[in-house]
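Below you'll find a set of structures to go through.
Below are two complexes that have chain A in common, paired first with chain B and then with chain C.
Moving on, here comes the complex of A and B:
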């Protein structure tokens, strides 16, 4: 249940809240439920058909919870990218799959089999480390054949397989060298070759490109995608680089503070971020997220929030809106009002906001959707102009002091630092609940 | 005069070299006085036969004394005892030190206690170690004698077959702390990534040790072997305190034989000849170890 939910494109799996709300199957209060209680879920559950699955996995180091209630399925043959800022637990997830860490709670499955107690050497997964972890005392050939030797492949077979993989990755001339004699890109290839050579059930790649220079990274990125297309092996790719994630992944899974935030196709995640974190993390330059008030005559008249609005939100509101919600002259009902301007919302969106009893929201507008416009409703001062080929990328300071990104369309007027402008947004903004960051129309 | 002043302006390379020699001069002086001069003096002393009675003139016999000593049965016996002592102490010391280091390299609660215990022997002097073991090996009150069922009989240190092994055990025990520290440091310098990669690559813990850890430890093992061999050839304190070369010369290692010849028998000629031979043996052994290990040791980046 939880499983199918988390894999739906663009859907949020908002950690424990989401799990307890949507997954009645999992009785978290059951004292007898051990870490393997997921075995008793109905047969045919999605994680049994997945190539790699994590079900309700947590990992604690003492008091630190690196991964919290993490559920994710990786489809057979898929290239899934685990994306998140450093320290979000994405590498830990990879290590849990590899077996280098043991889950504190939950189940890890590979090919439908629970592998919680299976040693890494018996898991049939291959890992590419950020450092490449090449064996420095062994030649390139010995490095690549190491996994075959461990599995006692006969010498002739080893030689054939190594030659074949080396050919595919242009390593033939380097087979007798030691890792220290290779360039960064060549070491990267050797690490890949060592992973590929034994045709594992899944590849685990831990930031494999982060030690390469920018040019080489672009090349290897394309090469990796091509390699995946050729081999069709299930792959989990960990990165903190959202450009890498959105260009490489068939699906991306965004993590933050140990929790899975959203899983989906890159475009779906980009277009409908499940919460304010994902909205701010995916996309470059990052989405502008501005606190705003919902202009409604009703709310203004009562002068108080409707019952049920989040308690946590009160303090947040008081901090940013010392004046509190009150009717102002000339404001439109059902518009998001911020920084002296307002942005119109569709009736559906307004209805969603009403249903959640929100009088304040976080408005998300991507810089590429925010443009200088003489008829714009939000006034701002240009504080930085960056000329990107063809257009201008602007940083603008709002009346509230907040900086927002905007873009000036190619061929339009040229803007200068210090210029006072007005901005208007294209399309409908993203709205998030200020109390928990959740998307309002999720 | 004017010409001389001109000649004093030398090229920068020469001046730099002169400065370099000036800096190493103190070290050279120390080496000359305490190493090169005694070595030369020992070689020279070996050319003279010490007279059988004091106050008689020593007789120049040239290199013949070297030949006669090198083939004499007492010397060969002593050499054999020395080699046996090295064989008993060095390989076992490395294996034990490495094993303890591997054990203490686990991430376990309280492992520091074991690290401290295993390395503690480095802080004991040879004299202290010898006195402790002398008591333990005592035929009347010693624990070891009791365990080996030799209580009241011939002491272990007095037993011709057990004396050298017993002295070796004391030496092993005393050296284990140093080897342990060496091996622990080397183990900790191996990146976790490599061993984790090997785990994922399907290597069992034995294969990981054999194919990853051991090769990466080879420079340290080499160092321990060279230092250990030299140390065992020069072991003196424990022999002097435990057996004085006995029983029946069964623990009469070369260095102790030299000491006896020089300071008990006052036979400086004999002592000098054996010292030079010991020096040559160590020199050749060390060269051989370098030659052997150079081809097998992996020195990280440079390989």
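Moving on, here comes the complex of A and C:
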């Protein structure tokens, strides 16, 4: 127990490095894990060294399959965020780990031991609930020491532990109050204290911040990250809030309809979403996803530029569009075409599309990569302008009738509702197979 | 405004309180004084002797003891079985759960008068006639109690149950440490209700007992009335004695009772 704590806190101290990890967990080990270096382990044995692992887990309630063939390893000391829309099965995954649900299929491991048939209380995990689940008739002190009582810790030791945890969470002055006399943030802290006081092998947090108001949520988010860095305890954090997920998690695991969609560092998931669902779910405002057909770019007419090439095109008004695309005409092998617009594709991307025999794709462009540009190849009508600090956020209607997000740097031209503009995209667009949503260049 | 509210309340209090008052007053008068008209509304020379007459001569002491024993057993058993069954229906999954609950509810629909004859026969067949089990066993479980506690326990958040499981508490300790303390006002109110109905039973004890050794105070009162037709003061004293335990309980637990009856006060 103590030895594992030492390694996990060391890992947490390297949190910054941990956050830069980008590959899906099943393919690569954690370079910071020290004694737990997975790169030298045979494939398939990884879940034995993970702090928490689910292998091929399914959970059915009658005909409803809440979790399907779910495999995920959580590294010791890691803060992993399970992200997904409500009803995607993420809470069920957490309950499976806690032992509150029994898997219909597959194996749950904690610390390398199969715990499918282990009672929740013997799994050495602590859970924080969205509703906090504080015992209303007990004082804050009694609430925090509740898990210690069942483990028959001596009274003096209990007192010491509660005092210590209360100090760490600024609860000392509230110890004699009842939960009803506390504010939301204070209740949240008590719930955390009750989880921490046991010093469990893993924390399971089920949307712990969603009952708090926005300001408090921001504060508690920072506090939770600090707390995790200090304790270094393996944590699984469930949320439907992708901002929370990307700011807190060292890795995020995106779920949809009971299936794991992608696991990786937040930046990696953001930059290379594995499928159209992840692309649309992670990022705010969400990625624009436009159905298009693959064709040859009509560069002469539209002046669209292939990404990845150097130098501004002729007639580029650098003053009016300071964030304009840097591209050179004539290199594109193809384009994604839809009514009223086209997006140029690099030859490599076109080759990938051809290899998959696709004539239609879903084109994904982040709003922050889509800018007004008089030479742009996408015509649209501005339907909403929002002034955000530093830039204007535009909602534009395409020729297809679809609404897309775009952004224009503040200090540039001011756009008005109803104005007809053209847009061009920065960088390589994301392409997805329309039949299954998979990333084309995965 | 306050006057408008309190005048009708005051009138109602007098209407309800007067018979009780006059019973107490009459128990302290002599029989001719009670019969006298206009009635005496305040005993200037209270006579306490009628109480000892009722207590000793009419064996009301024995009847009171029997009633206390029977009532206490019934209240304890009803509370325990109702809480346990209510918990099972609210928190546990088992085959025929719905059906079993429906049967419990269905017992509420059948009036006691419909079952009293076959029940008495069962008691006789079991050889329990004229014994304490005959007075206690038929009331060990209560449909209304099970229903009441199930509904209340359904209001206990499931997260509390999950949290307690993770904290190492099984069903029994979750029930006794969390669910029961949270629902204490309701349990108190139900116990009081069970006490009142058990204490005031008359018909059932009458038909399953025949000797004063096991008979309860309500029957004793009836016998007192039959035996002391001319001593009305003793009858009134017996009535006061029989009602005293209930009166004490109501005063002591009034707050509890009101809180429990206006339940829903459980949440929040």
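The rule is simple: the second predicted complex is superposed on the first by the 360 of 442 C-alpha atoms of A that agree within 3 Å, B and C clash if a C-alpha of one lies under 4 Å from a C-alpha of the other, contacts with A are read in each partner's own complex, and residues count from 1 in each chain.
Methods note: a residue touches a chain if its C-beta (ideal position, glycine included) is under 8 Å from a C-beta of that chain, and two chains touch if they have at least 3 such contacts.
Bear in mind that the values here come from a model prediction, so they are computed numbers and not experimental data.
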Under the superposition described at the top, does placing chain B and chain C together on chain A give a clash or a fit?
clash
Is A:423 touching the first partner chain B, the second partner chain C, both, or neither of them?
neither
After the superposition on A, what does A:125 contact: first (chain B), second (chain C), both or neither?
both
First, second, both or neither for A:339, with chain B first and chain C second
neither
Partner chain(s) touched by A:178 [first = chain B, second = chain C, both, neither]
first
Common interface positions of chain A, toward chain B and toward chain C
98-100, 120-121, 125-127, 129, 131, 133, 135-137, 146-147, 150-151, 180, 194
Within the complex, chain C is touched by chain A residues 95, 98-100, 120-121, 125-127, 129-133, 135-137, 146-147, 150-151, 180, 194
Residue ranges of chain A in contact with chain B within the complex:
98-100, 119-123, 125-127, 129, 131, 133, 135-137, 146-147, 149-151, 178, 180, 194, 198, 204
Of all residues in chain B, which touch chain A in the complex?
191, 193-194, 196-204, 207, 211-212, 215-216, 298, 300-303
Touch list for chain C against partner chain A, complex:
157, 159-160, 162-163, 165-169, 173, 178, 181-182, 184, 268
